Structure formats: structure tokens, C-alpha cells
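The block underneath contains the structure these notes are about, expressed in C-alpha cells.
Lettered A, B, C, D, E, F, G and H in written order, each chain numbered from 1.
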């Protein structure tokens, strides 16, 4: 770590670089050199992690350009979230590009081996929550996790959820995704013995307020171990779940 | 029905009452006479129902006065809701008055026999919801219902709720009372096969917003047969539950 | 009830099933076997109830598939809510399918005989509330209720409502549907002597906030016996009304 | 009107005032002189109107000081709103001061003769709304209006309101005051044939949100002729009602 | 008044109508007969008032039908609000129909003579508020008022407003229409000496929240004599302004 | 200043103008004459400032008309904000008109020399905030400022922002533009030593509520020297920044 | 695991228990026996975990009672959150009870050895957030974690935070606690390479709305790996952080 | 600038400091050394600026301690905001301490000479806004500005504001402080030709929502040059106003 600065200092010591030049270099790029960017530090430990492109506000041309730049820089895997089918169509001929319509996401490269601590369970209250769930699941898979999908296990039919107690009890992390009243996170939080990431969805009508009701309910969960991400933020949940599922000592 | 108007008309026909006098009578009290006030009509069917005094905005003196007037008018049973212990203390010597501190309510007269269709289950998510639950339960009892109390059966410990499946499956009406994320109503609504009246409570902190989160969650319940009353409105839930538990054909 | 578990235990007793195998079976499907799903329990009592499909988030192909599966399983009556005319058109040739455009709902099978305690009155404040009302009315009719429609009886012209006092006084349950200021529920709640289910609608403009004003007003009704369902939730109101109109002792 | 400017111009013409001095005077007090302040213009038409002091944010000493200054300036009548009993007690010996506890207001001078077009009806939904109503009523009386009080005529007991149809039909202006669901304004607006000023009150609990629910409901009234003032603003309603009740041609 | 009931009673007295028949008549139409509907009472005093059709939720066919029925019933003037140009086009050949595109309203018949107490000033903050203003102005004109339009006099350029002090000081009623921060109502309320009806508009962006900011600001106006109607409710303001501008003693 | 009034008074003194005529002139245009409109006063000091047209609610024809009138009146520079590409296309042939698509704005005339105290830095959190930033930047340039653009320096990658410390430390005013959680304004406010104008943008999803979250976060910034304008209000920020960057003594 | 059911089945097999009796036992307590309560399952793996009592809604007597029962049942460590100094004082003589005033919490027993993967960093924006932070820190310590406290490192003085880069880069989990604009979570989320649990606090005034602004900002963090718990919920954050810091493979 | 790093590099060059030691020093305190803290850079230009203590959440003992430390470090002037009279009383004997009760603030040292570009006008809508205004005014004075106070010039009495046109036109910066509907900022923004800092106050009742209405109105001001700070944030406004009033070129 910090070998570049060390080299610079050695050059100063040896007279190969003048003091003023060294000062300029230090000022010009203090952060890369000093190692504040997390990209440079810990990431090196686990090679092959994908870069992520948020596709929603970009044109297919922009996305293609970013992909090519990344590939040229040696990036093997690239995940593109919030990618419309239309945008995906115009990327179809990009090398090793694959579109996952149920997740509204694209992927460049092949999925890595799952190397996390255990399984990540992705559960949804209803079938309408599935697109958010697939975004979470695909994200987790791209970052090297085994994913178990439990869809349509909402609390209005509790037996559907309870018949999956084994998956729930054996999960390393659970992503609980629900719209409407968002009770799924609380019930799973009460049953499970692992971190639960709650994702409110904008599914519902009337007083569901585009996901706000589910969001508030999840924040108020009286079950321990539950935390919440933004409405419809499947990617954020999948990314955090992967982080937790890869916990290891930093020394 | 409408016998008084009929009598008036007969008197007009017979000349016992002049047209002008009849007109005056009709104008002066059109509603009692025409039977629009529900007090006069159906109430007669089930004698002994209590009158209810909302104690929150009244002085002990006012409450005592109303009680005495009602008693003088032959009212056997009177329920006083939202009655502080201090106000209750100064009513302690009123005849046949009893204070129920856990419901913050007072009662004049003796509880009636339970004569409803079945049991009313009053369930709460936590122990802090009990005052609202006791207001609901006492109200239901005052109106002639058998009440089964299931307290502290919140969804964060689902087994507590599930171990009471018998009571839930055999209830005629269930009052589900919860603060925080309000998931209890959805879970009970999904398990039970009877009307569920959801009561959000102001229990909680932070983003529970004094009961608003529970209220919204309950309104969005995807379970069938669930409806909602105002935050902390134990009386309203108990009253409605009694109405439902006494359903019978009107003609 | 629970005959399968009983049989399993008998097999254990008789040595036909080993203890470990029985343990596995108990764990694998504890809930269906123990009968927690309400479908299996009380529903058997009243045969012929319709299954309900929420059509809003499904393609015509999906709906057709579900219908066919249900019919194959012996389901006589199926109600499809939130069904657009376009989706209905592509179902037109399904056997015994009928579209009810004013309720934006479809129906498979014939309507059952009304067998409830009494009439369900469906009242609206204005003509714009009628689609929600028709969803409620059709739902109630599908579940075996006689429905009386009182449309456009909003409180701004009180005489229209008051001229229907007979229907109101004779109702078993009233569904009060209104947007704007939602006062209809309070006024009916004050007049009627039966449970009133209030349905706020998203009708209105400006500070009606898509039904929130009506929702809040209905929750604050000072009339007894009023409870509230979600904005525009005609189905929920009709289903609950039917439940109340079919109250009977469980044991 | 504008006689002072005219006199100034005449003085300029006559050489009694120099141009620079006139310019200074015009600049120094353009508004009083040009008659923009409403105090100087139309007020002169109706002598004896009270000045109003908003007592809430002032000490008794400050209030006493203002009263004395006003009296010294010839003001006969002074209304002090939002005056606590404690503050009133320390004003008790002020000459011709009277405290009206039910309106939480004080008054200096005697009430004027009522000289408006007709009666102002002040109606409330419940007894808890009476303090706001008394503030409105006293304000109207102070400004020369005959006030008819109809208290506790909320829509949950419609017959109470309907038995006062005569007062309602004969009112010039009606002030409809209610908390909770605020339906009183709509119902009165539908019955009456005159301007209705709706005043939401902070009475209620739970989802009444300190008057916001009533406020929203009143703004959405579908009855014609209804407008709304701020929550608990009895003074504003009384003042506006008096303005309307004293309408007359300006030319 | 009430002559029909009187006649009925006389017929009962004279034996021309039986008691049962009279009872039926009284029950069947208690409200028209007893005179509760305002239509029958005071409206007769000012003939020629228009009927109003809310066009937003009706088809051109429905509107045409209602117009024809009203005309057949002798109604001379009909105002149709919220009428789109497309709907208006298909009404173009209706007899004596005229479309007012700037008010998004149609009119049948000719405008009445202005017979109110004085002028109604309609003022707007910006040019985007003009459609709401024209709805208010046309409504007022249809109900017999002289209207003075002051458009684009918002407080960001105060001199524009102040240069119209004469119109403001001479108004009988002022309708102040503004979006954004809604300050116009307060400034006019502070300048004028007559009732001010504030109309928030949905004009604005960002934190204007579709008119909510203007609505709240107007409700909090510290100027006396200001009341508020719903967002964009030009019709309601014009109707109320006309009511106030036609104030007269009822007895 | 006020020379016109002085001249008028001199004319009155000299008998060239009668008193009544002078009174009329004073009343008719008190504000222009007295110099209350800011246009006439200080603007003269800095010639060449552009007039601004808010293009959002105007047709291309209207815009062209306003431009022509302004040009005829000698206005050299005109900025048209919120101008769609379609509207711009139909203005393409207007003399010296230029469209700036990234700012959704048009400009007539040439940009002035930058003559402010120092640089205005325009910083954005992400690339989606750029349209608002360009509106701010173009506005500042049109009003004579040198603008430094720092785009996509959001706090999730702090090193990007910190590598621009020189620009930040040397700015005269900084416009910090961000959606989502709006933290950029706080971080810049903590780093910089100059006024920071925060502009929340409607970029985001879920609980960003169209910019409300960023707005609230910015208002709560604990860094000194930060103030906030409306959501997406790039023009307002650029205009205020220019005002601050041109501060000078008024005497 | 499930030894009781196994024993029951063995008894059935051996004829020691009849089938009906076994069925009854299975029905009566399906959940404890089947092991759905997480207490019984995984908890056994890590002995010595504390039980937690939420002290806010309990009397000192109740708390003492619960403590004694738990101790009698062999529970070594008990954490009591939200414990006021007054309540703590009356528990002072309970055996091995210690009060931690800065966390408003009490503790029975001794703190366990830290046995997690790494350090949990608890960071706050200001000094007013410290009580919430101490609740989080104490909770984490009670559950066997090493805690590093970084207080008063808010983004308004970024150098304070950046001077602790080592602690941040070496953390296993970070709890970011802030009121006001809540930007701390985003900045830390952008710097750190581990899960970040954001805790909004109710610290602030005006538009901080008791923590809602910080809550919303944190939910919208564009940094990866950030999730959010309820306002002021230090316990929840500490508990979840401990869970993550003890991640290990389940089978 | 950066002389310490330069010296360090020179020492490395000269062999006085080893490379490893230099690396450590660079890592240990990168921010102070590199000059990122604004305290060290520009502040030196204007000596004598006060340090500020936010008194609200500190005990008198803590405040006294901070003051003594600051004084010992050579700080001449210290401003303590949000200081209650009780806390101030216990600081009364601190050397050169003075309490300013109307600003709820204390001050150590003497006020500096005013050396800004021009005057800062502090204007309020009502008398209840004065505490916030005095906090702003004292802050501005402490930072070396001449302050002109215009209190109680709210828009409900526009002539009061307009009679101060001279002060408004000659201001360098204006702080517009108002509660209720917050219209003052818009009106001043429309009149003045300088930056206007709007401060909403929590003064008001009902739908003023503790300052939110004023806040929203101010954010929507259509006048140019207006920006907004948090509710009741007098200090923030005074500090920013001083910054603007001391604008000067940085290079």
C-alpha cells in the first residue's frame, strides 16, 4: 500500500525528483495516491467483481461506450441495471452481452462461481414484486452468491411462507421484498436468525403511496436484524447482501 | 312504525287537531316523528344497551351530571370512555359506578349477559397496546359479547400467535390491535375466516409517526375481510365488533 | 381434519413408517397438514364461493391460464377484478365468461342465489364513484348477497339521501363510497343502525389528493359502526360486507 | 379623499411650500397621504369599529399598554383575542374591561348595536368546538352583528341539525365549525342558501392530525358557497362573516 | 311555504285523502314537501340563475342530453365547466351554445344583466393562472355580476398591483388567484376592504406541490377577510363571490 | 431621482399645471414616478443585462413576439429558459438566436464579458443533474460571470470531489446541485469558504420524492454559508450567484 | 434438534403414547416443538448471548421482576434499553446490575469477550447524537463485539472524518449515526468497503422533522452497502451489526 | 501554502527525515497538512472573526469550558447562540461576557467595526419573529456588519413596508424573516435589487405547521435573488449575509 508515494519519497531522497515537482504530484492526485478510494484498496482482494452501470439515465450509445472502455481496461464482468428491453435490443450484438428481461438488467461476461458464506434467500410478498426481486437476485449472483428464490409468500397466506422454513432457517442473508403493507419483512425477521434486508416496492394502489407505506412499516419492524433500503432498490439489497455474505476478517 | 304521525293524521281527520297545529307539529319535530333518529327505532329491539359518554373533554362534574340525568331517565348501563384515574376518583361514590383502570374507562350498572353470535377475539401485538385493547374489550362486554383476549402475540414472534390458532379460527370477529408496523392485522386477516377490525395504536417511536405507519399498513392489508378504524380507537372497534356479532335479519 | 397426521402417527405406531421419516414429513409440510390454511377449514361449509383473480397485473394469457386451471380443479365461479376492456375482449370466448364493464370486472359461471342475512346497500356520493361501487356490488353478488344500489346521494344534496331512509334503515350492511370530502360515510353512519364500510375514492381534484382527504375524513367519522378500507377498494368492501352478511355461529 | 395632497399641491401653487419641501413630504409618507392604507378610507364610513389585539404572544403589561394608547387615541372598543385567564386576571381593573372566558377573549367598551343585513349563524359539530365558536361569535358581535348559536349539531346525529332548518335557511352567513371529519360544512353548505365559512378545529385524536383532516375535508366540500379559514381561526371567520353581513354598494 | 303539506292536511281533515295515503305521501317525499331543499325556497327570488354542469367526467353525449332535458324543463341558462375543446366541438351545433376556450367552459343562453352590489375583481399572480381566473370570471358573469379582470399582478412586481389600487379599493369582492407561493392573497387582503376569496392554482414546479404551497400560504394569510377554496376551483370562487355580491336581507 | 415629480411640482408652482391635474397624475402612476420599480433604479448601473423569458408556459409564437418587442426596445441580450427543442427549432431563424440544448435554454445576442468578483463554481452530484447545472451555468454566463463546471463529483466517491479542492477554495460562489440524498451541499459547504447555493434536483426514485429529500437535507445542512432554492431551479441559483458575484457598495 | 418431537414419535412407535394423545400434543404446541422459534435453534450455538428488555414502557417493578425471572432461568446477561436514570436508581441494588447513563441503558452480568470477525465502528455526526451511539455501542459490546467510537465527525468538517480513514477502512461493520441532513452515512458509505448501517437521529430543528429528513437522506444514499434502521434506533443497529460481525457458514 | 509539506520533502531530500517517517507523517495528518481545512486558509485574511458555540445542547459548565479554552488559544470574540437566560446567568461572571436576551445569545469580547460592503437589512413580518431576527442581526454584527432593523413590516399592512423603501433599496443584503404565509420574502424580493435571504419562522398556528408553510412559500418565491435557510435559523442567515457583504476577489 502507498507504494507510489513511497517511491516518490525515495526519488526525492535520491534527488531524482525535485521538492517542487514532488509537491505538485502530491497535490495533483492526493487521493488515488494516498489510497482513499476504496476501489484501490480492498477490492484487489477479491478479483473479478463486476463493475455496475446504472442504465436508467443513459442512452444505448453511452452504455455501449462505457462497456467498451471497461472491457478495454480489463474488466471481465459488467452489470447494467434498469435497462429497458429497447435499450437492450440495440446492445444485443455486444460481445458476451446477455439481457435478463425479468430483472430489467443486462450482463457482460459469465456469472462467477458462488463463493460466499452461505445462501442468500430472496423472498417476495407477491408476484408483482418479482422484477425488483430478480434485480436483487441477479446482482447477488453477479457478485458471487448462491441465491434461493421464494416468490409469492406474502403474509396473507401464511402457510406458503411457513412451508419454506428450511430455506429461511438456513439462509445467510434474506432479502424480503414487498409492497402494500410490507409485513413480510417483519414476519421473516421474526422467524429468521440472520440479517434481513427489507426492500419496499412501489406495488399497490391507494394508500400504498408508491411504496411509502411498505417503507414505513419495514422501518418500524419490531423484529431484530432488519434494515431497509430505498423503494424498489433491488440492486442495493443484492449488493449489500453479497457484502454480508462475504464477511471475513480484515486483520 | 310512524304511529305517532298516523295518530296525528287521524286526529286531523277527526277534527281533534287543527291543520295549523298539525303543520306546526310536523315542522317542529320532523325527524323524531318520522323515525329518522336511529335511537328510537331499532334500539328498542335489544333492551339494556349502554349509553356511552366520551369522558376526555368533560369535567368530573359534567360527567356526574350526565350520569344522573341518564339514570333518572331509566338508563341502566352507562359506559364512560377516556376517563382519567383522577376524574374516576371523584366519581367513586356514584351509585353502582366501577372504574376499570386498564381500559381507562368507567362503568355504571352491571355487565349484561353475552348474547352475540360467537366470541370476539381482541389481539394485540405488544403489551403497550393493552390499554387500547382493554377499551375495546370492555366496550364489547358492555354491549353483550364474550371476549377472548390474546395479548402480546406480535408477528416478531410468530409462534406466540400461531399457538392460538384455535381461538383465531373460532372467533366471530377479531379486533387486531398493533402499533409500530401494524403487521398483526395482515397476518391475522390471512389466518382467520371472519371479519377483522384493525386498530392502529400510537405505540412506537421514530418513523411510527404516532400510529400513522400502522394505520397505513393496515389499510393496505392484502388479506380479505380487514377494515380499519382510527388510531387508538378501541371503543369504535369494540362497538363495531358487537354490531357484527349481533347480526340478524331485520325483517 | 388432521387425518393425514393421524394416519402418519398410526403408521408410526404400526411400524410402517420410521420415526425419522415421520419427523421429516412433519417438518416438511407442517402447515397444510395441521390445517392452518383457512381455505381448508371453514370454506368447506359454504360451497360454491368464487375464487378471485386480481387482474390488474396479469396478462390476458395469464388470466386465461389461471381460469382454466381453476375450472379444471372444479371451481364453478371465478371473479376477475380490475380487468380492462381490452383484456376482457381477448377472454370473450372463454366458456361462460361474462364482462361487466361498469365494474371493470369479469365473471365466470352464474351468480349464486342470495343467501345472506339481509340486504347490502351500496351508496355513492357522486356518479364518478360508480365504478368502485359496481366492483363492490358485483363482488357482493358473487358471494351470495342481495345488493341495493343508491347512487349519487352525496351530502351536498341531503334530500336525495334522506329520501332513501327506508333502504338505509333496512340494510344489513352499508358500503358508503365517496371521494372529495368523504362526508357520506359519517352521515350514513349517523343515520343507519348497521355496520358501515367506508370506501374512499380517488375522485376529486386539488386538495383531495387522490382519495387521501376522503380516507382521513372517513377514519375520523364520529358516527359509531364505521370502518374503512383502502382507497378505491370496492372488492375489499364487497367481500367484507358479504362476510358480515353471512355471520353465523361457528360451533 | 386625498385632501391632504391636494392642500399640499395648492400650497405649492401658492408658493406657501417650496418644491423641495413638497417633494420631501411626498416621499416621506407616500402611503398615508395617497390613501393606500385602508384604515383611512372606508373605515370612516362605519364608525365605532373595534381595534383588535392578538393576545397570544403578548404579556399582560404589553396588552395594557396598547389598550391605554388606543383609548387615549379615542378608540371606544377593543377586542383582545387568545387571552388566557391569567393574563385577563391582571387586566381586571382596566376601565370597562370585560373577560369572556368561553371565547378566551377580552373586550373593552360595550358591544355595538347589530346593524348587519341579517343573522350570522355559528354552528359547531361538537361541544369541544365551542371555544372556537365563541371566539367567532364574540368577534361578530363586536363588529355589529346578531349571532345565532347552534352548538353540537354534528352530522353523526343528523336530526339535531335538521331540527334547526329555520335558523339555517334564514341566516345571512353561516360559520360552520368542526373537528374530526369536518363534514358539518358540507352538509350545511348543501342545505343553506348563503355563504358558509368553514372553520376546521384541532379537536380530535389519531388521524385527525390536529385539524388537518377537517381542513382538507372542508376544502373539498362539493357544496357551493363554502370557503375555509385556518384551523381554529374563530376570529378570522367572525371578521369575514361580519364583512359579508355588512355588504353594501361602495359608490 | 309548506303549502303543499297544508293542503294535504286539509284534504285529510276534509276526508278527501285517507290517513294511510297521507302517511305514504309524507314518507315518500318528506323533503321536497317540507321545503328542505334549497332549490325550492330562496332560488325563486332571483329568476334566471343558470344551472351548472360539471363537464369533466361526462361524455359530450351525456352533456348534450342533460342540456336538452334542462332546456325542456324551461332552464334558460346553463353553464358547463371543465369542458375540453374536443367535447365542445361536438356540442357546437347545440342551440344557443357558446364555448369560452380561455375558461374551458361552455354556456347556453345569453349572459344576464349584472345586478349585484358592486364589482367583482378577479386578480391573478401570473399569466399561467388565467384559465382558472376565466372560469371564475365567467361563472360570476353567468350569475349576474360585473367582473373586473386584473391579470399578471403578482407580488414579484409589486408596482403592477399597486397601479390598480382604484379597482381594488372599489371592489365588492376580490378573487385572488395565484400559484407558486400564493402571496397575492395576503397582499390584496392587506390592501383591500372587502371579502377576498383566495384560489390556489396548481401552477409551479418543485416544492409548489401542485398548488399545496399556495393553498397553505393562503390559509395562513394574516390579512383579515381572506378565505380559501380548493386548488384550481375557479367555479367555486366565482359562485361564492356572486353570493356575497348579492347579499340582501332575507326577511 | 424623482425628477419627474419635481418637475411636476415646479409646474404646479409655476401655474403650468393645475392642482387637479397634478393630483390625477400623482394618483395614476404613483409607483413609476416614485421609483419603486427596481427596473428603473439600479439596473441602469450595469448596462447590457439580459431580459429573461420563462419559456415553459409559452408557445413559440408568443416567445418570438416577446423577443421581437424586446429587441425593438433596444434589449441586446435575451435568455429564454425551459425551452423545448421543438420550440427552439421554430425559433431557429430568429436573428442572433442560439439554442443550448444541454441547458434547455435559448439565447439571443452574444455572451457578455465576465466582470464579476471571481469564479462561480457549478458542481453536480451526478450526471443526471447536468441539465439543471447547465441552466444555472448559462444563466450565470449571461449575466457576466466566469463559470467553472465540476460535474459528477457526488459524495459516494469523495475522492472525485476532493481532487478539485483548488477550484472549490478559489470560488467566489458555489452552486451545489444534487438529487437523491443531497449531501453534496453539506460537504461543499464544509469545505468551501464562500456562499454556497444549494439546488435540489428531482433526480432519483423511491423515497427521493421528486427532489423533496434533497431539498430537506440541504435545508438542514450544518455547514455555514449554505442557502437553498427551489427544486430544479437552476436559473434562480445562477441569477443569485451572479448577484453575489457582483456585490459592490451602493453609495 | 426436535428431540421432543422425536421422543414423542418414539413413544408412539413404542405404544407408550396413543395416537390421539400424540395428535393433541402436536396441535397444542406445534411451534415450540417443531422448532420455529429462533430462540431454540441457532441461539444454542453461541452461548451467553444477553436477553434484551425494552425498558421504555415498563415500571421499575416490572423490570425487576423480569430480571429476576430471567436470572432464575439461568440467563447470565441482560440488557435493559431506554432505561431512565430514575428507573435505574431503583434497580441499583439488583445483583450485578450496572447503569450506563450515556447509553440510557442498564446491564446485568459482565460484558462478554469480543469474538466477532472484526471491529464495529460507531460514528456520529455531532455530539448530540452520542446517546443513540452509546446505545448502539453498548448493544454491540453486550453481544460480543469490539467497538471503535468515532464521535463528532460530521461532514461539515470533513477533515475530522478523513483523519480517521484507518479506522474506517479496517472496520467490519460501520454504524453511521446522524441527525440534521444525515449526510454522514453517504460519505462513509462512499469511503468504506463494508456494510454501513445508517441510524437517523431526531437531533435538529425546523425542517429536520424529528429525524425524518435524515431518514430520507439515508434511504437515498447513492453509496453502495448502506441500509437504514428506524430513527434513534441505536439498539437495532447494534444488534444487526453484531449479527453481521458474527457471520459464519450455517452448514 | 503547503509549506509544511514542502519542509517535510526538503527534509527527505536532505536526509534529515527517513522515507518511512515521511510516509507516516503524510498518512497521519493528510488534511491539515494539505490545507483542506478551511480554517487554516482563507480565514487568516480577515483576523478577529468570532468563533461560534451552539449553546442549545450544552450545559453552562461545558460552555464555560469551551470559552476558556478558546480564550486561552487567543480567540478574542466568541458568539454563543441558543443560550437560555438560565444558562447565561451562570456565565455572568465570565470575563467580558455579555448576554443579549432578545437574541437568546451571549457574546464574549467587543463587537468589531463594521467593514462590509454596505448595510444588512433585517426585516420581520411581525413582532413574534423578532427573536429570530435578533439572532440574525447580532450574528451579522459580530462578523463586522452594519445592521438596519425593520421589524413588523408584514404584507398585511403593506404601507409599513413601503414606507421603508429607502432602506430596502440601499441594502447590500436583506434578511427577510416571517412565519405564517411567509409572503414577506417574495414582496421584498420583488422590490429589492440585492440578495435576499429568507428565514421562515415557526410563528403561527394551525396550518402553519411550525414554519413549514412559510418555508414552502419562500422556496416558491417568483422573485429573483431569493434563497432560503432552515426554519428559525437566524444564525445561518446572519452568517451567510456577512459572507456576501464581505465579498472580494480571492486572487
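Heads up, the rule we're going with is that a contact is a pair of C-beta atoms (placed from the backbone, for glycine too) under 8 Å apart; a residue touches a chain by one contact, two chains touch by 3 or more.
Keep in mind it's a predicted model, so treat the numbers as computed, not measured.
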Contacts shared by chain E with chain F include exactly D, H
Any idea what the CA-fit rotation angle from chain C to chain E is, to the nearest 5 degrees?
-> 90
Interface residue overlap between copies chain A and chain G, same or different (over half shared) = same
Taking each chain's centre as the mean position of its Cα atoms, how many Å separate chain C from chain G?
-> 41
Rounded Å distance, chain A centre to chain B centre (Cα mean) = 50
Per the centroid of Cα atoms for each chain, what is the distance between chain D and chain E, given in Å?
-> 24
Contacts with 2+ other chains: residues of chain C | 27, 30, 36, 157-158, 162, 190-191, 206-208, 212, 215, 219-220, 224, 230
All touching chain pairs, where touch follows the definition stated at the start | A-B, A-C, A-F, A-G, A-H, B-C, B-D, B-E, B-G, C-D, C-E, C-G, D-E, D-F, D-H, E-F, E-H, F-G, F-H, G-H
Interfacial residue positions of chain B with respect to chain D in the complex | 28-32, 36-37, 56-57, 200, 202, 211-212, 215, 230-233
Using the touch rule from the top, collect the residues of chain B that touch chain G in their complex.
-> 127-128, 157-159, 162-163, 203, 205-208
As the complex stands, chain A meets chain B at residues 125-126, 154-158, 180-183, 186-187, 189-191, 204, 206-209, 212-214, 216-224
Note: in the complex, chain F contacts chain D through residues 2, 5-6, 9-10, 12-13, 15, 19-20, 22-23, 26-27, 30, 34
Considering the complex alone, what residue numbers of chain F touch chain H?
-> 36, 38, 41-43, 117-118, 162, 165, 169-172, 190-195, 197, 215, 219-220, 224-230, 236, 239-240, 243-245, 247-251
